[in-house]
Structures are given as structure tokens and as C-alpha cells.
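Right, one structure below, let's go through it.
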């Protein structure tokens, strides 16, 4: 089943104003650079973006923020982004902050057809307001859990290391993060990969995202892969 | 962190009468042969076994059934086992039949600390008796779901292809099946592997079960890997 | 009257290009042999395969590579292996486009029974309850009547149910039937040489027969 | 008075052989530098690492390998990488033995606030709400008082909560404190050169002081 498209422009052709999309990445690590660029160029507006972070001012989702293409961010952590903070505090940008594990599990729920899940994260905090609270026993302890609903984004966009025309994806190191979950949750899922390999080259035992979850795939060129916090040990060994 | 034990006997040393244990495998594919043998030898009784299948008369869990060591089976499919059928119909053996996806997801829930999950499997059937039914909308459709609880076996036993002393596991082909889920769900998890490799040899990107879920690991010798249904295509090409 | 290969061949025509398909044990497994050329289909096996291929050439069987019927199989290029939670995850999320499975009984409102005969046969439901509860598109491959000549297409199932109001299409040795939302079997096609009266006789549930019932092309 | 390295060093003594430990951003990250020899510990980073190693040697940084603080890191032999659902799965299932994180405020009943200052700073909770709600064993690394000299160990938190009744142990520049089930800070250890009175003064919440308060060994 050949899911290869030419490029990012073709892959995102039908992402329209006011849609809900989910994007892989943690900080700037593993973000779908090419599709974000194409969304900036296409200038779609009013997007709801589900993504753990919101990029930095001039890279990642920050580029969409700069152009005010995002109506609402659904994230767990949005620091390191001055334009974001400005838009949020001024009320231009709607922000739904969600515990990171809840975000991950609501995406998993979307991919696995579980309409809702229970998690203890946020019980007793403002996150719990208006949510169903229920007691369960787990690991020998009774405690309270919140009912949280599955994410079902219209489009999901992820970046992987390698992929094939069947849509199978392999991620590299912590560039994996939310991407396999986001890939599963999308009604339409777009994957950009550093290397598109012939079918049969990827080891079937080592696929992180099976092709059934991926609808369009293309090879991106010249990834910048910017590092947010370059921390190193001294060179003397 | 070195989790290596000498052999199956040492690995199962504290599995005692009347405990609940979960075992990996689908049919005879990927079953923990060595630990099952050791359980037979140790002659623990009154076990509750969570496993998709119950083996055949003289292999796999069938060996524990022959010796009447199992009080209760929790499975999705138990055909192909005459002794099983006899014990069940005579009432000697308690059997809890569970839809395969529910079984898998309840194990996942145990591994992921989700006390309960919702699934539509079995709604309106005898499986739903006494269970909470709740309507949710998913994928544009409202339907009924059952609340099902996480499995939390005292011991989990899985067989993997390769493993290291940190407890990381890699499975081979469909011998994977339920094993990663079972490995995660156990309060104590035992892994037997065809090959125990030095730490650092397994690619961190390609671990199916991270070592945190595994408490004891050993290399088994001379796996029989019996085939239940040998189906072949003719040799003319 | 169709034989089991005929049923499989007729069902194969329901498979469209680009589909992900789960095939149950028995007649459904045969469907794979009749998928028309030029139709690109990926077979899912619920024990954890996408891209399942034919049985292995003798001597190349691998104990670690079986399908949900525990038969040795092969993988095609572009295949993937995953655990059972992901397998039923993709089924539950309706990523699998079509499920084909057998049945002991189907009722006129789309209920299906195929996992248990109380006191006699209890093999378990395997993945069937998940598949019928989740799939958007289910085709049942079955015999119209049992060995004692009794209809298996009923007003109500007599055996413990596998799923309720989930079956939309049935292919038997005699006919192709659709389950209508108001609760009846719509006779869509006759098998070659089978009359409407024969089908009416073999169907215990409500049968809706249109003015013209085309003979199926297999 | 301890500096932040002193706090980290004191916390490191809480880490036992065989533990899986999650270290938050800031002082907790420093704890890794002071884990005693002979103690075998695996560091978890909630973006998907088990077996996290030190920062890479200059020139070997890899943009694809960062920790939850977005810092470039390395992997140790026996490490593994996984997605965020599994990462928080193992946290939620309490497979991670110990969580060390920072706080803006802690209350005498173990509530913690560390993610939001209404109208001023809203960076988000990241994984903190999951970690405090799930972990069986949490140590807070924090300053006893804020820049204006006000206590951060309170009767009740004034900032939006991250989690309720979840903190059991706190290490500050002045003391080691345990949160007692009935709702008070138990003064377990004094930092070198810090008096009980100084600690009493810096603690707004209920402070329970035993007859003898040992000076900590760092």
C-alpha cells in the first residue's frame, strides 16, 4: 500500500482553518519541521494544536504563533516562548494546560479506541474542576482518579527517523516522545521522515508505528534539528 | 542493575500455592517453557493463571493442568485441550473467559497504572453481566462500553528472544503477543530468554520491554518451540 | 449452491483497494486466496501482524511466526509485528476496515453467536467479541443451515451472543444477505442455481425479498 | 546553611541501591552528581529514557537525545527508550521508586504548588502533576524561604496546587523535614550551623520539633 506523497505541501493540502491537529515532538526534539514550515506558508488560521510544547519564538510551533495561526494550544509545558506568554496573558491565545502523562494517555486512548481513561494526575487541583472523580484501588492503595477523554485530532503530524511506503515508522532516541501516540490518534496521520526506505528494509520486529496508522508519508530534506539546551561535560577524559 | 538469576528454579522460588500468575504466549508460541517446567517440578497448587490460552494436553500450561496445579484459568481461548475441557465441564477447574482484546487491555492497564478501562467488547452478552455499562462517543459514534479492571498478578512470567542483565527484553515475531503487557503488569516479573547478552548490546531504540518492568532474568537452554498447526505451501516455485 | 471456496470467492469481491482486513478462522482464511489482482490489501492477524503473507514453503516454517489460528504463516514486505494491546487498539479504534468471520447463528437484527454451546463446547471467544463490537464493517461467512438442516439465520439467536446488532452482511452457500436496520434479512443475491423459495425455506428469521433477486457473480 | 549542591548531596543519601529514580529540573538534576559509589541506580527521564547518563562530551551532543529539561544527555549501557505513554505508565504504576522535584510552596499536610503563579507565570505543569499524584516516594528539594524572606513551608499553599497530600520529605538549605500524616512538618535534621530557632522562624506551617534534632551529615 503506497502512501508516499511528494512533499509537505501535498501532505498538508487539506488541513483547513479551525481544524484540530496534533503534532509530535518534545521541546524542539522530534518536531515535524517540514510540515510546520508548510503550515506557515499555507497560512491556515484558527488552528487548535495538541502538542506537548509550543516551540520557541522562531522555531517549531513558535513560527505558527508568530503568525497568529493558532487559536488554541493544548500542551503540558509552554515555557521558553515569550510570544506565547504574551498572547496567552493578553487573551489572544486560548491555552489548555494538561499534565504530561494525561496528555500522553489521552492520545494513547485515541489510538487504541478507548473513549476515556482514569488517571490520578491533577486530583484536587484546578485541573480537576468539572471532571468526574472516582475512587479505585490499584497497587494495594485506594485513591481518587479523574476521568479524562480520548483525543481525536482531525490530523496528526509526526516526524520519524525512517519510514517506508507502507507507512511504517521508526523513531530515533528521544525524538520518539509523543510521536507514536500522536500518529495513532489522528483521523488522518501525516509522517515526515529523514529517510524513506524501500518496503521490506525495516525489520518488522522493530517498527514503532505500524503503517495502518499512517496515511501519508514523505522524506524531508535538510533537517535543522535545533538543540534547545546544549549541555555538555568538559572534554578532559 | 543486575537482575540475572541462575535458572528457572531460582526465578520461580517464591511462587507459592494459590497465587495469581500471568504467563505470556499465544497458543504455544512464545510461552515460557522453562518456567512452566519448573512450576510443574515444584508442584505449586491452586494457581490462578492469566494466559490467553491453556496450552495443549502435554505442553505449555497443559502440563500444569494435567497435574491439577491450576485452580482457575483466565483466558480468551481454550480449545485444543481435551484435559482442559474435561476439568472445566466437570467443575474441577474454574474458568474465566475474557475477550482477547479485553484481556490484553486489562494487562496494559495493570502495567500503565490505569485501574480500569472501557471497552465495547462483550456489551449485550453474558460477559457484560454485573458490569458497569456506560455510553461514550468515539470516532463519531455513540455506543456502550463496559468498565473492566486492571490485572495485577503477583507474578508475571514471559519468554523473550534476547535480554540483558538490566532486564531489557526483545521478542521475536509473533512470539511477542501478550508478553510485553504481561511483563508490565506483574508485581514481580520473571523473564526467560533464548539469549542473554551483555548490557549495551541491545539497541536502546529497539527494546520492547524496558528493564524497569523485569525483576529476574535467565537464559533458558534447548527451547522446544513446538508448532501447534504446521501449515505450509507446496514446494514448487 | 456454493462450496466453501465459492463463499470465500464471493466475499473476496467485497474487498476494496487499500483496505486493512482481519480474516477469522475457517472460510474467512480462504478469502485471502481470492483477492482480485490489482487490489492492494493488508491482512491483519490479531495476535500481532500487519502484512501477513501465505503459508510458508515447506521447510521454512518458523515457530515464532503464526497467525491467530495458530497456523504457521509468512510476512510480506512492509509488514509489522506488535503486541496484543496495540493489535486490539487498532481494531477498537476502527483502523481495521473490514472483519470477516464465521458464525453459528445470526439473528435478523444483526446479533451473532459463535463462541459457545452451553454444556457442550466452550472454546472461548478469542478475539471475536472485540472484533464484532468494534468493526464498522463485518461480513459473516457461514452455512445457511446446520447439519440437521435447521436454519442458522434466526429471529433471535438461541446460543450465547458474541455481539449485538453488529452484523451487516452475510454470505452463505445460498445467498448474500444484508441485515436491515429495522431488523430483517434483505436478500441481495442468490447463489447460482438457488431459488428464492429455497432461501426462504432455509431462513428462519424475517426475510425481505425484493422484486428482482440477482444471481451472484462469483 | 547548605548551598544547592549541599541540598543535592543530602538528597543523594536517600537513594538506595537498586532504585529507579526520576529527577526534576534544577537542584534535583544535581543529585545525580552525588550518588554514592557502589549504589546502582537507574535514572528515568519522563520524555522516555531509562538509564540516562551524564551530559555528553563537547562535540558529541545529539539533538535527538535530550532529557525532560530539554538538555542534551547520554545513555548508559542497559538503557532503553520508550514513548510518553509508557513513560507515564511506569510512573503511574509506581515502577519508578523515587521522585525528586522542586517546589514553590509545600503545605503542612503535604500539598505542593510548583507550576503556576496566576497572572504572572504560566509555564505549565509538564510531568509534575503525574509524578506527585503517582509516586509513592517523593522528596522535594527547595529553598526554605523565598527571595523576599517569606516562608515557603506553609499552613496552606497560596498558589494553585500541583498535588494534594503527596509530599513526605523536604530538603531545604536549612533542614530535612518530614510531613506527618496528621498535618505538620517534623524537623528531622538541621543543616550544619543552623539552629532550631532559625528553622522555626523560617517555617510558617506547623513545625514539630523533637527533643533532639541531629545535625545532618552531608
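As written, the chains take the letters A, B, C and D, and residue 1 is the first residue of each chain.
Note that contacts are C-beta pairs under 8 Å (C-beta built on N, C-alpha and C of every residue); 3 or more make two chains touch, one makes a residue touch a chain.
Quick caveat: nothing in here was measured; it's all calculated off a predicted structure.
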In contact with subunit A and subunit B alike are the chains C, D
Need the most distant chain from subunit D, centre defined as the mean of C-alpha atoms. C
Could you compare the number of C-beta pairs in contact for B-C with that for B-D and name the larger? B-C
For subunit A versus subunit D, what separation do you get between their C-alpha means, in angstrom? 28
For subunit A versus subunit C, what separation do you get between their C-alpha means, in angstrom? 37
Which positions in subunit B are in touch with at least two other chains? 105, 112-114, 119, 138-139, 172-173, 176, 204-205
At which residue positions does subunit C touch at least two other chains? 75, 81-82, 85, 88-89, 91-94, 134
Interchain contacts (touch definition) - all pairs: A-B, A-C, A-D, B-C, B-D
For the complex, give me every residue of subunit B touching subunit C. 26-30, 52, 75-80, 85, 88-89, 95, 97, 99-105, 107-108, 119-127, 138-139, 161, 172-181, 208, 225-235, 237
Residues on subunit B engaged by subunit D in the complex (per definition of touch): 1-2, 110-114, 164-166, 168, 184, 198-200, 204-205, 207, 210-213
The subunit D residues in contact with subunit B across the complex are 18, 20, 40, 42, 44, 50-51, 75, 77-82, 85-86, 88-96, 134
Contacting residues of subunit C [partner subunit B, same complex]: 45-49, 54-59, 61-67, 69-73, 75, 81-85, 87-89, 91-94, 111, 119, 122-130, 133-134, 160-165
Quick check on the complex: what are the subunit A residues that touch subunit B? 105, 112-119, 136-139, 145, 150, 152, 170-173, 176, 204-206
